[in-house]
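Please see the structure below; I have some questions.
For reference, chains read A, B, C and D in written order, and residue numbers begin at 1 within each chain.
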């Protein structure tokens, strides 16, 4: 038996629905149809009345979730694509994210954002918006890179009392597989050493963990031992684990699939240089997507985002510094 | 010209009288409280803006008074009267305006941005239209929990009907057949913007058919009409009739905020029926129906003034929020807070 | 049961015949082009999704054909026929689907996300409802520049009527009294979501009154009705009648995209009048009115097939976009581009 | 005679209307009323038919501007407060910002955002959203700190062919004054040395330039010479000028009024450490607002944002490192 990243997300939702009567799911086509990506397959049938199709009204979808949360429910919202969350943006950042701070009433909503580039998806079905949400106070932003984390972080998201932006990478949905679902997991806010090494630290998250790991494998053939840190959660961000890794390697490359300006990679570098400055043997570097919309054509798309090859090249440069 | 109270069946006269008397006293307290805020503003005692409900008390109180404690209420900036009627302590208003650390918003938010979500009273965010879908969510949650008989009311101005949020939320409520009462105070202006620049339909109540919800029009200057119409809308929602759109016609009898002299308000409008002061009209009804006499009203007025002065004096002695005592985290999960990362 | 073409005045028969013949040929070409895209999709030759207009050609073509070159057109995902009628070269569609570097989108955007703004043909962004206010802006700009007589048409599905953008834009057009023709294809589903989960009004055309705009309802399966009704709406806008809301009833005769088998579509709907194929109906009209015979239609069909095959073959030989030749900046002001900052 | 920051914004718009028939203004209450802050005072009267009141429809407001820009106009949009741009967000980041890249048709719109904290304004009338917009490709984000820049950068914004997010700080509106309007100015994308120094560089922008300058004055009494760099434009960001300053001082403190995660300050540090690593004698530091919504009460507000005092304290710490 094996289980995909997408199935893990479905299973986490099934378990949340089973274990907690306060959980319900709301989003476009999530009901009978099971969602655009089938992340809620059969859930409407298994949990009647608790998996509801929404109109094409992202603002009202999120607003409704906040209201339900006030009443003690724990809604899971599916955005059909992360890109469309921009029209529900205000309710996320100004309604959900401020509720607890203003009123001391918690706002336990989980907003699932199928995100990230896939070949042929183009500028409006490929965006990575983790930095946009992380800039705002009052939200937790999770970016699982593995099947196990897709499952356990989603359960953790539903369990905590704060709004969670759950960034699930569409490229990992079908291809990434695990033998079974995990029974235990690191908590939210802890990064994970995905691969150990001593020459250079690559800090990354989500799909880029696998590109970085592939780059590390390639560089291993050249004798380099690259450490790959998977952030898992970009807000909160586990600076300690990152700094500890840099303390071991002395070199830092931050990789993200999002746009460069103010991305996760900038935030990581600002933290490491403030807290672990003396640990660095070379200037910290970052590698992000190019600063344009995400292109449709596979040729352009492959050049727009970091890949194992471009990560390896950046790492080589940095190792030579 | 006074509005005529149409003859009710004998047994209901007492209830009508009680409703008017109760409503009037809330209106009076709200008006006097507003006057106090205006005075404090002029005296430089209030940080930021002051937003009054002058001229809208009849409509607002009708909403608050038609709801019961277990209902949901999302007032907006001109709903001082409705808030009091729904049960918001007057202290909450004063504490929020003065930024007292003891207020429900603890100095974090101010003026009209106050509420107690667990008491069914939603603290508005500023983005117009955004509270309606939150009310929907509370109502849906109650349905999911098997609680029935709850109504949720949301108040907005005619300007806010132009927001996408208004549209999405009203349509959402219609699809879910939620017991939402959406009350639009058409006070002819959104800040300085007249209706001609805001919408082009003959009557905002004409929007109801396009959502498949019930429509009610009401003279917002007339307490009797407000009580009857808003009451009917709330009853309709409570009885399972789905969302109810109430459109009231009236005029804002103040500036957008106290910084605004409202010199742009057309004098023809001021002189029209819309420009009548609903408080004055309500008082006239009480007198005409002999439900109260001038002496009683004077007593209520001075009681309200004393209440307000006492509360203000008390709040002015209360501690201001202390930045050193602040948690400075927006998360409920303290262990996930990033604390002082700069 | 065939629709009846109501008897037009003698002098207009020729025009009616010409309109039907022209429209039918666009519909036919669009249908065959869609079939080709579906085949290319199944053969794995297309990156990403494929979205067809099957069953909606009559409505779409009526929009395209009612506009003139200098008008503005914002088609959506099911408007292949309308695009051809408005003058979009078939090559643009094929190049965009195949990602040719020579297409108007140069491989940067794909499938239905194509257009030429300066030709009045807007390239949709995916966010539903977002194009309508852009059309408003073009129409307003022309008014400001003193250009009159322009019409702007925007097409959307019934699902997109639930967006805040739809509401804000339609209201905006009404306030500015812009010559906007907003065409809603109510094809009963938004992806898998049936109308009962999308809106609760009896008829989406009932929304018009709430905006103060004209309403038109049309049988979207019937080319004759589409030509007449959309034509009247466009004429109304052009004559200064302000925004026109057209609501067409029909059924999507395909999946949401080619990845979707649409098994959720109710069979009762498929069997109803809504489920009729507008292309078949249009053909029957031509035959019944003796405006064309089967042989002519067969000739048009094979000409269209040849045109499509030739274009596809040509585009398949065209260069793919070259990442090394890309400017990799989203700014027009090259000197302000941050270039390769990573 | 003297002219305020707000008057400079009004004058720039008057001049744009006068000089260029393609310019028009659209926003809530901008017409007869002259705008919530009076930034368009008398303009409707002076330029009839070209200063239009909009309904409360931020999404449609921005959409309309894009359409008008396609037709060759150069609309100036006034958001009543920056905070409300979240409901026009999608049209800014997905419609305006992608237009040129997708179609080669430029999108010359200017979106004026009255932004930043003022005492008693609270969580929804105080936000600083420059980092949110700067994260997206396809926009220019300007943050004038002076009366002169308010004028000349606004004129430059209207003149360029790209969407500009023009962040004008409400705290500067009435208090900041200059003798006269400038006749020449640095171009968009160039930072400015606001005050020279050799011991430490403070990089900042907008209202914080004045807090930083006050801190520098205070530190001067202790013998320190602080250089203050005013970014003027946060995207594009003038890395060269910043690095050159750090080359002179060896110490970098970045100050922003926005929230910390992924803000301008993180971006500046990521750039400086990548390009000017060897120039730093101490770890670069940043000082931002606290990571909560902006509080209403003056006591809380003053503690939430950086001030001359907290900047001086941070600088002292860094000077001691």
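Just so it is clear, a contact is a pair of C-beta atoms (placed from the backbone, for glycine too) under 8 Å apart; a residue touches a chain by one contact, two chains touch by 3 or more.
What you are looking at is a predicted structure, and each value in this text was computed from that prediction instead of being measured.
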{"item": "Shared chain contacts [subunit A and subunit B, defined touch]", "value": "C, D"}
{"item": "Chain whose mean Cα position lies farthest from subunit C", "value": "B"}
{"item": "Whole-Å gap between the CA centroids of subunit A and subunit D", "value": "30"}
{"item": "Centroid spacing, where centroids are CA-atom means, of subunit B and subunit C in whole angstrom", "value": "45"}
{"item": "Distance from the mean Cα position of subunit C to that of subunit A, given in whole angstrom", "value": "36"}
{"item": "Centroid distance [mean C-alpha coordinates] between subunit D and subunit C, Å", "value": "41"}
{"item": "Subunit C, residues touching no fewer than two other chains", "value": "105, 108-109, 113, 125, 127, 162-165, 168, 171, 175, 197-199, 329-330, 337-338, 341"}
{"item": "Per-residue multi-chain contacts in subunit D, two or more chains", "value": "54-55, 57, 59, 83, 86-87, 90, 94, 97-98, 101-102, 123-124, 137-138, 235, 237, 261, 285-286, 291-293"}
{"item": "Contact graph of the chains (line, ring, star, complete, other)", "value": "complete"}
{"item": "Residue numbers on subunit D that touch subunit C, as the complex places them", "value": "24, 49-50, 54-55, 57-73, 75, 87, 90-91, 94-95, 97-103, 105-107, 137-138, 140, 160-162, 188-189, 235-237, 239, 271"}
{"item": "Subunit C to subunit D touching residues, read off their complex", "value": "104-105, 108-109, 113, 115-118, 122-123, 125, 127, 130-142, 144-145, 164-165, 168-169, 171-172, 175, 329-333, 335-338, 341"}
{"item": "Subunit C-touching residues of subunit A, taken from the complex the two chains share", "value": "28-29, 31-33, 36, 53-57, 59, 81, 83-84, 86-87, 119-125, 260-261, 285-288, 290-293, 295-300, 302-304"}
{"item": "Parts of subunit B lying in touch with subunit D, wherever the complex brings them together", "value": "46-49, 99, 105, 107-111, 113, 125-129, 159-160, 162-165, 190-193, 197-199, 264, 320-324, 326, 328-330, 338, 341-342"}
{"item": "In the complex with subunit A, residue positions of subunit D that touch it", "value": "59, 83, 86-87, 89-90, 93-94, 97-98, 101-102, 123-124, 131-132, 134-138, 235, 237, 258-259, 261-267, 269-270, 273-275, 277-278, 280, 282-286, 291-293"}
